[in-house]
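Common to both upcoming complexes is subunit A, partnered first by subunit B, then by subunit C.
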Partner chain A sequence: MMDLGTVKERAGPREFSPADDLPREYREAATRMIEFHANSEIMGAYLERPFIRQSPSIDRKLAFSAKVQDEIGHGQLLYRAAESLGVKTREEMLDDLANGDGKFLNCFHYPLESWVEVPMISFFVDGAAMRRQATLRRTSWEPYAHAMDKVCFEEGFHVKHGEDILKELMTGSRKEQQMTQEAFEEWWPRIIQFFGPTDDKSTHHDFASSVGLKQQSNDDLRNAFLDQYIPKARKYGLEIPDEPRIRERDDGTYAVEEDDLDWDEFFTIAKNEYEPGLGQINGRKHAQEAVDWVRETIERDTPAASGHEPQAAD
Partner chain B sequence: MIWEVFRQAKTGEYHTHCGNVHAPDREMAKQFAAIQHGRRKPTNSLWVVPREEIGEIGSDEVAFGGTTDKSYRWATAYNTTGTDAREVVESEDEQVTAEKQRGDD
Partner chain C sequence: MTTPDFSDPENLTARERQALECLIKRLADDEFVLAERYTEWQVRAPTLESDLALANNAQDELGHARLWYDVLGDHGYTERELVYERDPAEFRHSTIVELPFEEGDWADAVLRSYLCDVAEELRLEALEASSSPKIANRVAKIQQEESYHREHAQNWLERLAEGEEGHERLQAALDRLFPHALTIFEPCAPPHGENANKTNETSDDEPRATGSDVEADIVDFGLRTATLEELGEEWLAIVVPYLESLDLDVPESGQTGDGEFEFEVTQEMLPDERGRDGIHTDAWVDLYDDFTHTYRELGRSEPTKIMETPE
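And then the complex of A and B:
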C-alpha cells in the first residue's frame, strides 16, 4: 500500500485512480468530500424541484426542469466517484442521506419559498459551486476530476439561466425589484458561507489540500467569488447588504468580515440539527418512499425479457 | 477471442478506445495491447475488455438526445450583462464546441 508520505509527494492533479492502493486516510477524506458534494447535488435538486411547476413561463419551465434533471445526474456521477474509493457503497450513502446522517451544503437546508428567491440559488449558489467545481477538475482523485469535467460542461447553462432570471426580475416592476432585493438580503450571508469557515477554522482543509483533493482554500475561493459576483449583483441593481461588512481592497478586490456571519447557525446546520433543514431531509425521504414502487418495478423487470424500446434520457 | 483496447496517454486523462487485439486470455491480451497500442503513441495505461462483455446501443434503436431543439439548455441562449466568471465562459465555449461537432457529422 502507498504510504501517506508518498501520497503527499505525488499529490498532483488527477494523480490517483482506483488502480492505486491508497491509504485509508486518503480514501476516507476523499469519500467524505465527494459524498458531501453528491448529497448537495441531490438536496439542491429537491429544493428547486417545486419551481418547475411554479415557473412563470413555459421557457422557464423547460429550462428549469432541464436544470433539475442535470443536478440529479451530477449526484449520480458523484456517488460513482465516491463509491470507487471503496469506503462506502452507494446504498450506504443514500441511506445516510435519507436518515439524516448525510451531510450537505448549508444553502440547501433553508426553505425556498418564492420565485424571487430562485436566482439566489440558481445564479449565486450555482455560480459559487461552479467556481469551486472548476478548481476540482484538478483534484487528485481522477474519477472525481472526470465527473467535474462533465459537471462543468453543463453548469454554464445553470449559471447563465439563473442570471437571466435575476435580470428579468430586476428589470421588472418596482414590486418585483423590491422583493428580489429582500430575498437577496436574506440569502447573501448564506451564499457567502457556501465556502465554509475561514481556513483556520476549517477542520478538514489541511489534510485535503496536502493530498491534492482540494485545490483552493475556502478563503481564496470565497474571495474569488466575491470579486466576480459583487460587480454582477450591482450591475443588476442589487444593493449589497451592510452586513457582513465587505472590505474593498486597494486593487479593487473584496474581502469579507468573517465575524459578521452567523457561525453558530452554520455549525448547527453542518450537524444536520437546524430545524428547517430537517424539513428538507425528511421531504426528500418521503419523496423517495413515495416512488419506491417505481424502483421496485424496474428492478423486478430487469433484465427485460422482451423488446422494450429503450428510452435515452434526452 | 477479441479484446477491445482503451489507451490513456497520461495520468488522469480518459481511457479512449484505440482498437482491438486477438488473444487467447487476458494476460496475452495485455501483452499484445502493449505491443500494438502502447509502443508508439504516448501511453500511461491500457485497458483490455473482452468484446462480448461490451453492450452496445445505437441510434437505430433509440433516439439519443439533442436532435430536437432544446436551445434553452445551452448557456448561449441567455444574454447576460457584464463579464462572466471565467469558468462560466469556459463551460459556454465547451458547449459551443460540442454543438459544432454535432453539425460536422
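And then the complex of A and C:
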C-alpha cells in the first residue's frame, strides 16, 4: 500500500485511480468529499422539482425537467466515482442520505417557494458550483476529475438558463422585479456561504488540499465568485444588500466580512439539524420508502447486479 | 368529397378548421398532460436509472405536445390561448393522462405508460398519410421516440408481473385505469359556445359528447385515416392478449365472439368523466392550478419562448 508521504508527494491532477493501492485516510477523505457532492446533486434536484410543473411556459418546463434530470445523472456519476474508492457502496450512501446522516450543500436545506427564487439556485448557486467544479477537473482522484468533465459541460447550460430566467424576471413587471430583489436579499448570504467557512475554520481543508483532492481554498473560490457575480447581479439590476459587508479592494476585487454571516445557522445546517432541511431530507426519504417494493423486486431478480449497471428495464 | 387542401390554412372552411383543431387538441393535450404526470416521478423514481428514463419520456411527450400545438400557429393560436390561459374545461385530453399517481405506485406509472404508448403508436400510424402536411411531417420524428417508450414500459411490466406484490399492484392499477384508457377513443366535444348546451348532457339515451360530426369530419377530410372505433379495436387486440399473457384480468375487455375484438364500449364501461367531452376529474383542476401557478402569480401575459420554432 502507498504510504501517505508518497501520496502527498505524488498528489497532482488525475494522479490516482482504482489501480493504486491508496491508504485509508486518502480513500475516506475522497469518499467524504465526493459523497457530499453527489448528495448535493440529489437534494438540489429534490428542491427544484416542483418548479418543473410550475414553470411559466412549455419551453421553460422542458429545460427545467432536463436540468433536474441532469442533476440526477450527475449524482449517479458521482456516486460511481465515490464507490470506486472502495469505502462505501452507492446503496449505503443513498441510505445515509435518507436517514439524515448524509451531508449536502447548505443552500439545499432552505425551502424554495416561488419561481423568483429559482434563479437564486440555478444562476447563483449553480454558478458558484461551476467555479468549484472547474477546479475539481484537476483533482487527484481520476474518476472524480473525469466525472467533472461531464458535469461542468452540462452545468454550463444550466447556468445560462438560470441567467435567462433572472434576466426575464428583472426585465419583467415592477412586481416581478421587486419579488426577485427580495428573493435575492434573502438568498445572498446563503449563496456566499456556499463556499463554506474561511480557510482557518474549515475542518477538512488542509488534508484534502495536501493530497490534491481539493484544488483551491474556500477563500480563493469565494473571492473569485464575488468578483465575477457581483457585476453580473448589478448588470441585471439587482442591488447588493448592505449586509454582509463586502469590501472592494484597490484592484477592484471583492472580499466579504465573514463575521456578518450567520455561522451558527451554517453549522446547524451542516449537522442536518436545520428545520426546513430536515423536512426535505424526510420528504425524500418518504418518497424513497414508497418505492422500496420496486427495488426489492429488482434485487430479487438480479441479486448480483445490485443496481449498479443500467438494467434492461430502467 | 374531395380532400381539402390543408397546406393552405387561409382557405379552410369553418368545419375543416374545427376538425383540424379538434384533432390537434386530442393529440397535444394528451401529450402535455401525460408529461405533467410523468414529471411527478422525477427525483422520486425507484432508482436513479429509472428516474433518468422517466424524465426522458416526460421530455419527449412535452416536445411532442409543443410540436402539435405549433400546428395551430397557422390559425393564430399561441401557447397562451392553447395552454396557459385556456379554460381547464376546454382541454380535450383523455382522463387516463390526468389521474394523479399514488405515492410509490410505480405499477401505475408503467402500466399507464404502456396503455398510452400503444394507443399513441396506433394513432400516429393513422396520421402518416394525413391530408395536413404539417401533421404528416411531424409523425416520423414522434414515432421514433414512442417506440422506445413502449419497449421500456413492457420491460418493466414483465418484471413487475413476476413478483407477488408487483402483480397485485398491476392488477389494482389495471382495474382503476382501464375504464379511463377507453376514453382515449371517445369523441371530442366541440369548444363551449358551439353546441355548448349539449356538452353537459348526461342522459344515457344519447352520447354526451356531441362531437361525433367533428370526429367524422376528421376522417372524411383525410386528417386521420382510421376512425376512433378502428383505433380502439386495434388497441384492444394488442393490449388485451398482452396483459392476459402477464396473468392479469382485463376488466370489460370489449371482447365479443371468438377472439375477434369488436370495439363495443357501453356506457357502463366508461367512467363518469371522459375528458374528451370537457368533463374532467377533480384532479385535473388541481393539476391545472399547479402548472399555471407561476404564470398567474407573476401576472404574466405571455408564456416564455426559448425556441423560435419547436424541433
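Rule of thumb we're sticking to: the second predicted complex is superposed on the first by the 290 of 314 C-alpha atoms of A that agree within 3 Å, B and C clash if a C-alpha of one lies under 4 Å from a C-alpha of the other, contacts with A are read in each partner's own complex, and residues count from 1 in each chain.
What we mean here is this: a contact is a pair of C-beta atoms (placed from the backbone, for glycine too) under 8 Å apart; a residue touches a chain by one contact, two chains touch by 3 or more.
All values derive from a computational prediction rather than experimental measurement.
Look at A:159: by the touch rule set out above, it reaches subunit B but stays clear of subunit C.
Legend: residue contacts after superposition of the two complexes on their common chain; A:80 is shown touching neither subunit B nor subunit C.
Among subunit B and subunit C, the chain that touches a larger number of residues in subunit A is C. By the touch criterion defined above, A:63 lies against subunit B and subunit C together after alignment on the C-alpha atoms of chain A.
Of the two partner chains placed by superposition, only subunit C is touched by A:300; subunit B is not.
Contacts of A:287 after superposition on the shared chain: subunit C is touched, whereas subunit B is not. When the shared chain is aligned, subunit B comes close enough to touch A:13, but subunit C does not. Residue contacts after overlaying the shared chain place A:232 against subunit B, while subunit C stays out of touching range. Residue overlap on subunit A between the subunit B contacts of one complex and the subunit C contacts of the other covers 59, 62-63, 66, 164, 310-314. Within the complex, the subunit A residues that touch subunit C are 42, 45-46, 49, 51-63, 65-66, 68-69, 72-73, 75-76, 79, 114-116, 164, 168, 172-173, 175-176, 179, 284, 286-287, 289-295, 297-298, 300-301, 307, 310-314. Subunit A contributes residues 12-15, 17, 19, 59, 62-63, 66, 127, 130-131, 133-134, 142, 145-146, 152-157, 159-161, 163-164, 167, 228-229, 231-232, 235-236, 309-314 to its touches with subunit B in the complex.
The part of subunit C that touches subunit A in the complex is made up of residues 32, 36, 39, 42-53, 55-56, 58-59, 62-63, 65-66, 69, 79, 83-84, 103-104, 106, 152, 155-156, 158-160, 162-163, 165-166, 169, 290-291, 293-295, 297-300, 303-307. Residues 11-14, 45, 57, 61-66, 68, 70, 72-75, 77-92, 94-95, 98 of subunit B are the ones touching subunit A in the complex.
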